[in-house]
Structures are given as C-alpha cells and as structure tokens.
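Common to both upcoming complexes is chain A, partnered first by chain B, then by chain C.
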Partner chain A sequence: MTAAGPGAPAAGRRALRVPRWALILAQLSPALLVVGGLFAGGVGLGLAQSLGYLPFLGGWSWNLDAYRAVWADPAVRASFALTFRIAFLSTAAATVLGVSAALLVHRVGRFRSALTSVLSAPLPVPHIVGALCMLLLLSQSGLLSRVTRAAGLTETQAEFPALTADAFGWGIIAEYVWKESPFVAVVTLAALTGGVDDLVGAARTLGARPWQCFRHVVLPLISPSVAATSILVFAFTFGSYEVPFLLGRPFPAALPVVALQYYRDVDLAARPQAMALAVVISVLVAVLVAVYMALLGRLVRRAP
Partner chain B sequence: MALAALLTACSDTAGDGTGAAASAPDAKDWDAVLATADGQTVNWYMYGGDDNLNTFVNGELSDRLEKLGVTLNQVKITDTVDAVNKVLAEEQAGRDDDGSVDMIWVNGENFATGKQADLWTCGYPENLPNAQYVDFTDPAVTSDFGVPIEGCESVWQQADSALVYDSEALADNDVESVDSLIAWAGANPGRFTYAAPPDFTGSMAVRTFLYDTADNPERLLGAFDEAVYGPISAELWQRLNDLEPSLWRGGDTYPASQDDVERLYADDEIDAYLTYGPGAVAVKAADGVFPASTREAVLDVGNIANNSFVAIPYNAEHTAAAMVVANELLDPELQLALFRANGAYPAVDLESLPSVQRAAFDAVDLGPSVLPLADLTANTRPELRADYVALIEADWKANVQQR
Partner chain C sequence: MRRAAVAWLLAATFLLPLVPLATWAVSGQWRYPDLLPRETSGRGLALLVDPNSDVLTGLTTSLLIGAVVTVLALAVGAPAGRALGLYTFPGKRVVQFVLLAPAIVPGLAVLLGIQVFLLRYGLADTVAGVVLVHLVPTVPYVTLLMTGAFANFDVGYEQQARVLGAGPLRTFWHVTLPALRPSLAVAGFFAFLVSWSEYVLTLLVGGGTVKTLPLLLFAYVRGADLTEAAAVGMLLVVPPLLLVALLSRQLSGSPGAMVGLGRL
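So, the complex of A and B:
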C-alpha cells in the first residue's frame, strides 16, 4: 500500500467503501474461525463433560459431582503444591538467568552474534527431547552419576542424589530452566536493541552510576517484554504435560499429568473428573496470568 | 447458544453405537471378505514399545498380507486407552462408518471399556477360517479378564507372567516363592520394584502378591465379594507397605510404566522385575541390552496368564481387511514365526495342529534366558474380573502409593 504511487490511495478509497475494521476482520476470519472454533469448541465440550454430559454412556445429568470428586482426591491435592513449585521456580530461575545472559551478551561487542546463536540453540529443541536428555544426564544411571562414580565420589548408583522421579521436582525444573532461559534471553536481547544504548549513554553523561542506569533506564525498557515472556513461561510450565510425565513421579504428579491419568482411566465414568481437572487448570492459569499482569502493569508504570 | 447448538449436534449421533455394524462384511462368506479387503489399508493401533514386535509386524506379517492385497499400517501408541479414546471421540463426532481406527490390540480393561460404550464389531471371530485352530471352549478365549467376549474380539497371542532376574544377583532359592523374593529384597534394598498401577504390568505384579497373600486364590475368581476381598486385601496392603523400604528408591516412589522398569533393569539400577512378556527377554539378552546372566522363574504361587486380542471398532472403514489381518494372525505358520522371532506364545491350540507343526513349536529354543513354554505354563492362574482389577488398582493407590 505505502509503496503505491501518489494516485493509488485516492483510487483505493473510491473503489472500496468497506470500513477498515470489516476488511481486517474478513481477512482474519479463516484463521479466527479455525482457532476460535477449535478452541471454543474444545473448551465448551470439556466444560460440558465436566458437568456430567456423557453421551457415550447414554445420557447426562448436570451436576458438580466431578468437581467434588476431584477436590476430594489426595492425588489432586498433593499435586497443587508440586505444580505451583515447579512453575514458580522454573519461571523465576529462567527469568533471572535469561535476563542476565541477555545483558551480558549485549555488553560483549565482538562475539555478540555468535553468542546469540549459541543462546538460541535450545529454542527449536522439543521439550520431550529436552526431557529425555535430562533423563540421560541426571538419572541415577545417567551421565553425571557415571562421572561421579568414575571420580570416586559415589560408589553405587543409588548414592547419587535422585534428581529425576524425585519428590521436589529438580529434574523437571532443570529442563524448564534449560529450555526457557534462552527464550527469555532472546526476547530481552530484542528489547535491548532499540536505542537503549543511546539512552544509557545520555544517563551516564548526566552522572548516573551503572546501577542507576540499570534500575532507571534499562529495566523499565525491558520489563514489559520480560514480564510478557515470563507470563508465557509460567502458563506453559503450569499446564505442560510431557516433561513432568517423563521426569516426575506417578504420585504426586503435576496437575496436567493427573488430568491425563483420569482421562486414561479405563472406566469411562471417570471422564468428567478428567475434564473437571482440565477446566480447573485452565481457570487457574487464566487467573494467575491476570493477577500477574495487573501486578506487573503497576510495577512498570511506577518504575520510571 | 453456541454451546447448546454443539450439544444438540452431538446428541444426534449418540446412542446408536452398533447401528453401522449392519454394513460389516460377513466372515461366513470368506471369499466375499477377501474380495472386499483387496486393496484396503488396515490402520492397526497397537502398543509400539516393543521394537522386535514392530519389526515382525512390518516385516513378515505385512509381507503375507501384501499377497492378499491388504496393506498394513501399524499405528504405534503408548497406551491402548488412547486408541479407545480416539474411537470414542469419532463416535461423538458422528463418524459412524469411516472411522480412522480399523483394529486395536486390546485386552482386559480396555476391552471392557469399549464394550461399556458399545464400540466393537462383534460376531466374526468364530467364523474366521483359522478359527479351527482356536479352542473356543477355553475360558481364556471366551472371557477376557472375566468380561464375556461374545465374539467381539479375536485372540492372537498369549501372555504369561514371569519373574526376570539377574542370576549373578539372585540365587535359585531367592526366586522360589514370593516370600523368598521379599527376603532377598530385604537383604538387598533398592534392587527390586514394580510399575505403579494402573500400568498393565504393574497391576499384574500387585495381583501376583495378592494371589500369594490369599491362601486359596480361587476364592477371588468370579464376581466381586467384599467378604473375601476385604480381609485378604488388608493383609496385602500391609505386606506391600512392609516391602516398601526394600524397593527401588526405598519405595518412596514407583516407576511410572513398565518401560521405565525395564530401563532400570537395563541400566543395572534393579536386579529383578515381573513381566508379561517373558519371550521377548531372549532378544534383549542376546542384543546385550540385558545382561547375559538374565534368567526367568515362575514363583511358586504360579504365574498369571491372559490372552491378547484384536478388536475391530464398529465404525472401522476397512472392516473386511481388518478381519483378514485377524485371520492371518491365527495362521499356525505365522504363530510359529511370531514365537520364534519375538517369543510371543501361541494363541492357537497346539493340540489342534498336525504333529509336524506341533513338533516345530516344541523345537523352538529361545535361549538360556527364557523359560521353556512347558515350565512357564505349568502352574498358570487366570486373571481376575476387570472390575476386580480396577478396584485393586484404586485401592493400591490409596493404601500403598498415597499412604
């Protein structure tokens, strides 16, 4: 449009009487239909099944039994603490590490592009591959355990600390941090490019100390992107299945793993519980993200 | 509004489960079945974690079917319930005659689930030409974990449980009985475990302990009886909790699946485990995945046997070709090849075979790691009813795992 000749805009206005928003909507509608239809359809059907809609068992009655059953299940109760711990620690560690890495890479001049490629190397690796690598690395018969045994630090495999299928979730957190730190770093690096250096230079000439530059110039500039990224990381680590399934325990397991355990229950009557738990996870993530965004919005406004 | 519309749309297709089965070909007219099957592709959903079996399915079996004009497409899944869920989802979506699942390797609880929702094509197994080699009076062929089969699935291999152990770690007298195994585990903490039920094999491990705890396991067969189950199960949970400190990771956690258990054995984290597929151990020992000193034993409580079946969903698009596969799986030559290649025990009744073929089965030597079929099946116990199994799994979670 902008590349067109001087006469083009006028001709376009004459020909198209359709309002701009309608045009955009029309262009987006195929994508919106697919995304909206599949998403709303899936969530709607899940919600209906969680409330007792079971056509495959011949009939339905609307009730909250599934939610009560899920709430009473010790496997679900034990899962909350674990899931929050994993999501919170993974997000915090990935954010701190990712931002630090980005700031460091931004400061080194010569090797910046090389370091950026190294940093972004884990990005295309699927989580499931990352989880299997962590298993090979961290399990009691893994690479690290073999190294400590060769070095005489441990005598048997069982002496090596349990980092996978452990009660705390170290292996799961390690995988998320390994995978998500570079994600935070790459986004932060992108936020650091747009004229940040000039502003820092100006602050320095006005007598700002390095810490003041960081606190009052760099941080406010990058925090919206960092906040947005960490929300994504939190929502993902809270609702993701494959990593806690491979690196965690069958009990207590992360909420998505428990939901799938219900879904895979051979008794079809357990299906409403699976859906109820999925609805709970979705609502929790939505609430957490809303709270987080409100908090960070206030923080960002106050910072400068 | 949209939700209501969606619900109405779905309810139109609900409730007429086997309605489409009317179009299913009739196995009595086998030539017609063969003619329809020619050119079809069968999507066989099956557990894909057994590399050796995958090779056999995509090699020997696939080649045989090719000659009949049937293409076999193996769809590997980690858990059979995923395939059942897929059929269920398609039923809800109204796909009543062009379903994407043509055949499922199924048994026990998943078969019961499918029956509960009326998902199977029925009535063909006894009419397959190779049904002549199957003993349809055998209770293990007429019922599956206590659920009457009623012609809704076709048998293809036999599973027998056994203890797999490293003979350099366990002596002969350690593997005599459940008690001697528990004593050995107590003396060697951390070297034995079982997968957390509802894993299929982990559930069998718990039932092995259950049979041993009951003085007379026959009492548990048949319909559920709280008066029998209550006292025995209380004793069982006590016993399994007492065993916990001797297990891998001090019983603090259990492996999530049988794959994990076998990986622990291969990685020398444990020295013994229970399996449903003792024949497959030969290949792993030969390949060096398992130590060469791997051996098998049947504890004196006896082992647990069941049959594996294939079921055809009511909405399968290629029902005729799926029947051809079910028939081919029962061909004595193929059963023998499967036994040789994978150690899968035959589902056909060896008594019904010509003596030459019987001798060929007897002559198969799976190597020193694997128990001969006669020893393996000398003291075989049947499976409990599916509802019993589900209850035991739930009770194990509450009384052992979550305690």
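So, the complex of A and C:
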C-alpha cells in the first residue's frame, strides 16, 4: 500500500543496502591509512627513536640522553633564537603587509582583478626558486647592491650590507615575506568581499569615523581568516628547510637545518638527537598554534 | 587616484624579485658593477633542451611524479572529502584533525622518524617512495577542498539518477563527476603544484637517485654558474604561473583554493 514512497523502487531493486557507517568508513579509510599512517607513524616513531629506540640496530634503552645532548649544544641554542626570530618577524611582516595590501586593493575601483593577479604572482613560485631570486637580488653582488653602487651609495660589494648568509637572517625573512604576504592578501580580499562594504556604509551613515569603521566593523570580520592564515605562515616559516639552508649560514642555522645536520651525521649516535629535534619542532608548532588560537579567540570575542 | 598608484607600486614591488631571475637566465656575462648584462646568451636556455644534460630527465621525473601524485591524491582525498562534507558521524572532528595536521606540522619533522623504515623496506631511493611521501602534504589539501565541494553538493541528483535506472558507475560518471569537475580541477592543480615544488621530502626519500627539478636546481644554485641556475629556476616557475593563469577563474572563486596556494 505504501510502495509509492520515493525511496521504494531503489530499495526494492537492491535487497542488500550498505549501512551508512560502513560507507563512511570505506570513504575515509584510504586517506586515513596513507596520511594518518605515515603522519602518526612518523611522529610516533620519531618520538620512540628520540627516547632511545634504535630500529634494526637492536635494542631499546629508554632514556632522555638525546634531549640532554641537544639542550647542551650551543648550535641548538643559537638555532632556537634564530628560528623564533625568523618565524616571528616573517609572520608579523607578512600579516601587516598582506592585510594593508588587501585593504588598499579592495578600495581601488578599476583594474582590481588585474591588480590582484599581479599581487598574487609570487604565490605559485616554489620556495626554492624564491630563495634563488633573493640571492640574485639581495646578495652583496646582487642587483640591489649594483643599484646602490650606480646611485653612488656604495663603492664596493663589501660596503653593501650582508643580507644573505648573514647571522640575523634578513634574506630568509625577505623571502618569506615576499612569498607569504600575497597569501595573506588574497585570503583577506576573499574575506572582504562578503558584504563588508554594506556594513561599512551603514556604520558611516550612523556617524562612525574611518578608524572606528576599521576597528569595529572591518577588523572583526577579517580577523578569523587573517588569524588562520598567519598560523599557517608561522608554522611554515618555523619548520621549512630549503630557504634557511640556501639563504642562511651553517651556524647559527634554523632548527630544521640543524635537525638534518644531525640526521646526516656519519656518527649514528647523532640520530636520536636528530629525532629529538624533530619532536621539539613538531611539539613547538603544535603548542604555538594552540596558544595563538586561544589568545586570538579571546581578542576576537572582546572586539565587538 | 593616489591610492591606485600606491597599490600598483606595491604590486610591482612583488614582481621585482623575478626580474633578476629572468635576466640571469638569458645573460652571458653579468659581472658585479654592471646594472645590465654585457651580452645575452642562449646558453642557459640551451641547457634546458640539451638531451645530454640532466635537466630533461629531471623534468620528466618531476612531471611523472607530479602526475601520479595528483591522480592518487584525488583518488584518496576526494572520497574522504565526500564523507566529511556530506555526513556527520561520531569522531568526525578527530578525523578532520588527523587529515589536516600534516598540512601544519613541518614535513621534515615527520619524515625523519620513518625514513629508516622506508630505507629498510626498499622504498628509499625509488620513485614509488617519493610518490608515497608526496601524498602526505597533498592529500590534506585535496580532502579540505573536496569537503567544501561536497558540502555544497546535492545528493538528490544522484538519487534521481538511480531512481531513473542508472547504475552506480553511470551515476558517478554522468552526475557526480560533472558537478564536481571545477573543484576536482582546483584540487588536482594543488596536488600537482605541491609535488612539483617539494624539496626536502624528495631529498630524504629519493636522495641519491630520484632527481626532480627542485633537487637539480639546488645543485645548480650551489654550483658556480648563475646563468644555468636561473634557467633551471625559470623552468620551475613558468609551468605553475601558466597553470594559475589558465585556472584563474576557478581559483578566484574559492577561498579554500587560495589557502592551498600559500603552502607551496
């Protein structure tokens, strides 16, 4: 009597119906197997090896020796300072520059899409090519140094400040800012398109000053996207290898570079120390992301 | 119109670092104080098409690995995106976290732990091993983008096709695939670009034998000839820029796509 229901014909034809949970499991398992397996496996095995597990060389001897050795190494301590400096300054500069660029471009009437295209040109450039670009632009024999010489500001290569292979990490920061501020800018622009203009218009009509509009209307609307983006930028600049390797020094080097130096040491006893650094990098990124998100959640809640 | 001028100036500044790269790639002799090269030369570009150099092999390896990674990442990531986009189920947040964490935690820190096992089980120094580790950064983005795509996908169309008598395969081919084609194109584009730009994972797993273009570029940068290095650099940059230009309409429509771009 009730066979006229919309689901009836299909159900009648197929006696065997796959339960929903099995369907979901089947759809998720390949990704969980590949990504979860390699990722969790990598983190877990790295942790085990940092605590004294030596695979295929016989033996578990649980201890914290690797962490003590790493902590005592002056190269690691110098590396901490450098890595935090690079990640912090790059993220701050990229966020400020990216958001400003987006606000500026958003208010340009004509050619906005052309302008956005030009601005996003660095996005698909691989970081390794970006590092080469910075080398050709900023090194003491680079294009900028030649321009300052032509302008009469410097006489020789040595008079141009060392921006690559320097102890501070200027070249590394420059590469990250160049690559990441367009990233912040396009995400901010996407957040700005969703009806922000109408709200700003309403606030203006109600007598808000430009700064008040920005502080109380625009900023709360874009800050979730900007926050998420700057977390990604921080995590990336903290854990990336090729840029600090090509544009920095062997000492002090960024944490990932030091980790790989340990890992490739001919002495296998340095392996657990490499693992300890890998664990420290993962944990620091995780903790920083958590702290940052908590702080920002409070800021965003207080803003309106 | 001062604002427009400032905006254009800013945008032009972002193009500036590409200028010395493009110039070096075609310069013959460009010593220190010279603002422009003394002479142009096709030496760098000739290297790119020289069958005896390692660049063509590197290009083939990069394209092969990129293509295989793209297909596999889509095949693995899109179903996961479907499950996450269409259904709510217990433990969903945990699954989302596990599938997104590799996008945030640095790949190097993850790979050091399993490298010795890849070595042991014969995956190190093979193309297969490189493809496998390239899936770790690519599948999360495909999953993320496809989760968004499936959240906006109406399963009703599939049900209608089935009611009208289409089998599962025909429904997939004629209903699901056309509806999701733009999202799949963007997701595949990212998977390819992430694989195309990857350096440190390839170095650790493929080290001696699998030489992709980024590994070759590294060697050329550390060598003496900047013209050759810049030419190889241009070879690495031009395909992504062309792809972005081709896909710009789909890309600008999706904020998720832009998040993907930032991770290259």
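Simple rule for what comes next: the second predicted complex is superposed on the first by the 275 of 304 C-alpha atoms of A that agree within 3 Å, B and C clash if a C-alpha of one lies under 4 Å from a C-alpha of the other, contacts with A are read in each partner's own complex, and residues count from 1 in each chain.
Just so we're on the same page, contacts are C-beta pairs under 8 Å (C-beta built on N, C-alpha and C of every residue); 3 or more make two chains touch, one makes a residue touch a chain.
None of the values given here were measured: they were computed from a predicted structure.
**Q** Would chain B and chain C fit next to each other on chain A once aligned, or clash?
**A** Clash - chain B and chain C, as placed by superposing on chain A, overlap.
**Q** Counting only touches as set out at the top, which of chain B and chain C does A:267 meet: first, second, both, neither?
**A** first
**Q** Between chain B (first) and chain C (second), which does A:207 come into contact with in this model arrangement: first, second, both, or neither?
**A** neither
**Q** Given the superposition on chain A, which partner contacts more residues in chain A: chain B or chain C?
**A** C
**Q** Touch test for A:44: chain B only (first), chain C only (second), both, or neither?
**A** A:44: touches chain B and chain C.
**Q** Which of the two partners, first being chain B and second being chain C, lies in contact with A:141: first, second, both, or neither?
**A** Both: A:141 reaches chain B and chain C.
**Q** Of the two partner chains, chain B (first) and chain C (second), which one does A:78 touch, if any: first, second, both, or neither?
**A** first
**Q** Check the residue A:55 against both partner chains and state whether it touches chain B (first), chain C (second), both, or neither.
**A** Both partners, chain B and chain C.
**Q** Answer with first, second, both or neither: which of chain B and chain C does A:149 touch in the superposed model?
**A** A:149: touches chain C, not chain B.
**Q** If we overlay the two complexes on their shared chain A, which of chain B and chain C does A:162 touch? Say first, second, both or neither.
**A** first
**Q** Quick check for you: in the superposed arrangement, does A:249 touch first (chain B), second (chain C), both or neither?
**A** First partner only.
**Q** Which residues of chain A are in contact with chain B in one complex and with chain C in the other?
**A** Touching chain B in the first complex and chain C in the second, residues 40-41, 44-45, 47-48, 55-56, 141, 157, 263 of chain A appear in both lists.
**Q** In the complex of these two chains, what residues of chain A are touching chain B?
**A** Residues 40-41, 44-45, 47-48, 53, 55-58, 74-75, 78, 139-141, 157-158, 162, 165, 167, 245, 249-251, 263-268 of chain A touch chain B in their complex.
**Q** Give every residue of chain C touching chain A within the complex, in rising order.
**A** 3-4, 6-8, 10-12, 14-21, 24, 32-35, 75-77, 79-80, 82-84, 87, 89, 95, 98-99, 101-117, 120, 132-133, 135-136, 139-140, 143, 159, 162-163, 193, 196-197, 199-200, 214, 217-218, 221, 226, 229-230, 233, 236-237, 240-241, 243-244, 248, 252, 255, 258-259, 261-264
**Q** Can you list the chain B residues touching chain A in their complex?
**A** 2-3, 6-7, 10-11, 13-15, 79, 81-82, 85, 88, 91-92, 109-110, 112-113, 116-117, 190, 196, 198, 249, 252-256, 264, 267-269, 386, 390, 397-398, 401-402
**Q** Note which residues of chain A are touching chain C in the complex, please.
**A** Against chain C, chain A makes touches at 6, 9-10, 20-21, 23-24, 26-28, 30-32, 34-36, 38-49, 55-56, 101, 104-105, 107-111, 113, 115-137, 141-143, 145-147, 149-150, 157, 178, 180-184, 186-187, 190-191, 225, 228-229, 231-233, 235-236, 238-242, 246, 256, 259-260, 263, 274-275, 278-279, 281-282, 285-286, 289.
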